[in-house]
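Structure incoming, see below.
We call the chains A, B, C and D, going by the order they appear; numbering starts again at 1 in every chain.
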Amino acid sequence: MARVLDVRNLSVTYKNKNKCVYAVSNASFSIDQGDSMGIVGESGSGKSTMAMALLRLLPRKKTVVEGEAGFLGQDLLHISDEQLDRLRWKNLSVVFQKAMNSFSPVHRIGDQIEDIYRIHEPNATRKEAHGQAAKMLALVNLNERVYKLYPHELSGGMLQRVMIAVSLLHEPDLLIMDEATTALDVVTQGQILGELRKMESELKTSRIIITHDISVVSSSCNKIAVMYAGSLLESGHVSEVLARPAHPYTKGLLAAFPPLRGQRVVLESIPGYLPDMAARHEGCIFAARCPEAMEKCKSAAPARTDLGNDHFVSCHLIEVEKQ
Amino acid sequence: MSGNYIEIKDISKFYPVKGSGTLLGGKGSRKLVKAVNGVSVGMAQGEVLGVIGESGCGKSTLARLLTRLETPTAGDVFIGGVSTGKMLEQDAKKFYRTVQIVFQNPYDAFTPRDTIEQLLSRPLKNHGICPDRASRHERCAELLESGNLRPAEDILKRYPHELSGGQLQRIAILRAMSLDPAVIVADEPVSMLDVSVRADIINMLLEQSASKKVTVVFISHDIALTRHVADNIAVMYLGRIVEYGAAQTIIESPLHPYTKALISNCASIDIADRVEPIRIDGEPPTPIDPGPGCFFADRCPVAEEICFREYPETAARAGNHRVACHKA
Amino acid sequence: MKKLLKILSDITQDRQFFAGLIGVAILLLLVVFAPLITKYPADFYGPDSLARPGSPGHWLGTNHMGQDIWSMLVYGTRTSLWVAVVAAFISGSIGLLVGGVAGFFGGKTDMVISEIINIFMMIPDLFLIMLVVALFGNSLTNVMVIIGLTTWPRNAKLMRAQTLSLKERVFVAGARAMGENKNQILFKYIIPNGMYPVISNTTMSMAYAVLTEAALSFMGLGDPNVISWGQMINDGRNYITHAPWVSVLAGLAVVFTVLVFNLLGDGLNHILNPQKLQRGER
Amino acid sequence: MKKYIVKKLLISIVTIVLVMTLNFVLIHIAPGDPTTILLGRNVANPELKAVLAAKYGLDKPLYVQYFRYFGQLLRGDLGDSIIFGRPVVEIIGEKLGPTLLLVGIASVVGLVLGTAAGIAAARKEGSVIDAVYSGGAYFLNAMPGFWLALMLIIVLAVKLGWFPSSGMEDVRAKYTGFRHVLDVAQHMFLPMLTLVLIDIPYYFRIAKSSVIQVNNEDYIMTYRAAGMSEKKIFRKYVLKNAILPVVTIFGITLAYLIAGVALIEIVFAWPGTGRVMLTAISQRDYPVLMGIYLIMSITVCVTMIIIDIIYAVLDPRIRY
């Protein structure tokens, strides 16, 4: 399978007059064609910042982005703006959380879709744009009647569907969804995730879903990456990571999540608080809250260890085990 | 069902639709939003009742009705056989001591100008629970200790913005508990908090209510979590309870087509547990003058002619399971 | 003590507020020490008329009646500040009350009151002020009261918005569920959390009052018994070609005072911004 | 849409009724009896008094007087001027033209310049341009219009002699045709400049903040992520969304400008309602003052309705 995205040592730092906030440090992961990866993390984990950095949508004056992000043979983080603009939406598109604000309120939806379509097809006729849009709207189970409407005439769920249809206009290689279904109701979310899975088999699109909800990942992705306080702690196939979590944080997260069926279990919280992101941390970022922390965890950062079958984890416990 | 400690009887809340009628109060044709539309359900003392449903189903209005933040258009709630409507007229403070609420957003639950001690003491003082300052201080410290908020003396001096969401929500629960209520309504109490701290809040709520035999109405859109905490679950759709029963039964063998769709669409973290979601078409309509048939009829995959004609009676099934559907 | 330090650091952090504060201090010093820092009483008609600034004894010159400009400016400060404070107090109080009632009771009361507020905002109030002052006589009291009575809508609008949003805040619902009554909620939660933006807006009303008073005096509707900057500008108009300093200096005094109040208002707005207190961000 | 406009019309009518009522109330609560107010202090002609009493029904109960007064206003009878002895409507009618000419042009120019400056400052937020524009707007906002007018006269008319300092035309020259238009334009420049300058800060402030706000909206982020050029994003999406709040304040700003124009007309001896007003004030000619107040309020109301309709066309969210 062809590799679509290969992120190496990505770091993002927010800078202002008084301090630096290390929002993402040294994150590495990769996505193959047809993969769907869920990046999970709690607030402050840096998951959205990472996505925005890959899309180069962070304010340039206030952020420093380091590392590499190989995408179809180019480095997303280092190509020129013009080169990047050629990739945007054609090969790489994004859906944000707030469906209600994803469209300009004073322009018709169809007008906005056409504008976005024409970015890469400047000579397209109105009919062509409309045709492609109708095709994508059908894919997300929407009547093409929405084409003539204004955003306020649609519900949040419908708008989010339109947004997904728009993101697929050029059948991109990679789609990033940043909490795109979080604000929706259970039924609407379930249906959109179902439609996405169906569609991916038709369009050969790879997908990254960024969410705080592991159940969204488990039901719609084949890979998962777990982030905590700016660090990517564990990644791998959903079936493997959720069944045999290697990192204590992943284990903790899973223990805090109630299962839908079967035996009721006792839920457990992870004690402690997020570390200060404005400080550099010598050891493992999770050490202060880790129930299995050792002396070493406080002084040295763990390396990314390959457990085979694309399962990676950054934890001293694993390193010890392997030796 | 008359053996229930708490009995919600046929409670309703209708609002006039904005912009219908005229400024001068036009006659007749005012449309009504029937946010809660004849809800009846009972709870035993110490029971946890889960209420689930999508946004707009009326579950939050129900919470506000139970705590009398809204006045019901019709119906009443009885606690230990006493009408809360009457209780409010006779001794309003007693009512507020009896029924307490925990809100969704802990960051906004306290006025930003007071310290935690001031915030916790105020209800103790208003309700005459601790008459003098020293006893209130002691009680506040005890409360924090009982909720694992340590060091209590230090936290008492803090302002709300200096604490984390999880700490604030625990304080909100403790404040509600400090009045010794019979019922606590928890309206999405953890949905704004991170997963890793949710468990503590839930466990604390359950422990505190169990030790004092407090009945809990747990309102949530998170179905897995509701199953985890609730003894019984009521499923709401457009202002009505469409299905009610033991938590396990509702999740594992639902009868109403809406409940079935809802649960099949609910993602699980267990990958072995992938269920094909049941499609229901359309968006949930608004509860403006619904009926006369079953409110779910136009989205229902199994609806028949009768479903559009009359609203189904609520029928009893095995155990305490009840469902309002012509086809179930 | 720690709190005090925090407040002090907040004040010096916001440059606009700090500048405004220094400006107000200067104005107040002028008002209090007026007799000490001027050589002549304001109503002293000296022998030198239209003396240039820098003339001996009159460092800012004199007007056509031989009055010392510096003395007039200093005593004019008294008039302006007095008008500003009283008018803004009236306008702020009415605004607080009307807006508070509209927001707190909501429903039809709110609908009617907010339409009334909108209507009053639409009417050109300067005409009404002039009409009333002309009818009722141009004493300083009338001027202050009528400015206060006509400029409340802006404050009312703000207070209404504040109350409406505060009413929806969780801690207000919580207080109700804790059994607190309407009065307790109004005085413990709504007013303390809602009044700061109104205070900062009232500071801006002071600027507006200064401008309006100047305009009235300019039109000959000021109180003839007090020194007013607007009156000075009007007097100077006739000598604008060869003695422009009379109008220029009086106008600069107006600009300075208005700027000071605007800076103070904007600064207060930053410092007391309720958003800062909302979610724990500092 | 229809409902929206009907509502706005109703509110305008209520506004005008309110202004009329205020006038009526003032006549009756002011010191002195109503005839004196309507006749002027110095005239004590019993015949005239009787005529007035009959006209306004001053011997009848108050509510009858109110409705009579109302009826007269509706018929366009604003009473007679005390000093000129002519109907107020006539006097104001003659002078309204120059005033509206001045206000009309100035408010549009102010809108365009203020908004343009606001947008420019917002697009370069934090730059030198932003600082200069914002600081300038802040100072202009603190200046009394009539004083600013005097300062412009001192510099541009007296010192530099570029423009005439007063009047609307060169009376001696008696120009006709295009030369006349040019002459009026030259006379109009300074008063207009003053009005534009005091108008600018309002539009500047709101335009700047709304552009900054729209720039941070999610949909703008979407277009950036889609690779749309900044030029296109700005021209098509930012501009239309950011202009809406500017349109809404046009009415209120106009009310402010109409109040301010009287003083500026006085400074420049512009033959508009301002000078009538000054005379009316000094002679206590109340019918004229009330007439000006009423007519200016009506002017603002009519403009507001036009603005509301324009707004409804621009913003699809209004069309229910």
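One rule holds in what follows: contacts are C-beta pairs under 8 Å (C-beta built on N, C-alpha and C of every residue); 3 or more make two chains touch, one makes a residue touch a chain.
Predicted model only: the values in this text are computed from it and were never measured.
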Chain pair, A-B or A-D, that carries the greater number of C-beta contacts: A-B
Most distant chain from chain B by Cα centroid: D
Chain A and chain B: spacing of chain centres that average the CA atoms, whole Å: 33
Computed distance of Cα centres, chain D from chain B, in Å: 54
Rounded Å distance, chain A centre to chain D centre (Cα mean): 54
Chain A-touching residues of chain D, taken from the complex the two chains share: 217-219, 221-229, 232, 236-237, 240-241, 244, 314-317
Interface residues, chain B side, partner chain C - complex: 23, 67-69, 92-93, 95-97, 99-101, 103-105, 107-113, 122-123, 126-127, 160-163, 172, 175, 179
Residues of chain A defined as touching chain B within the complex: 42-43, 155, 157-158, 185-191, 193-194, 212-216, 218-220, 238-239, 242-243, 252-262, 264, 266-270, 273
Touching residues (chain side chain C, partner chain D) in the complex: 115, 118-119, 121-128, 130-132, 134-137, 207, 211, 214-215, 218-221, 230, 233, 236-237, 240-241, 244, 247-248, 250-251, 254-255, 258-259, 262
Residues on chain D engaged by chain C in the complex (per definition of touch): 11, 14-15, 18-19, 22, 26, 30-31, 37, 138-139, 141-144, 146-147, 150-151, 153-154, 158, 251-252, 255-256, 258-260, 262-263, 266-267, 277-278, 281-282, 284, 286, 289-290, 292-293, 296-297, 300-301, 304
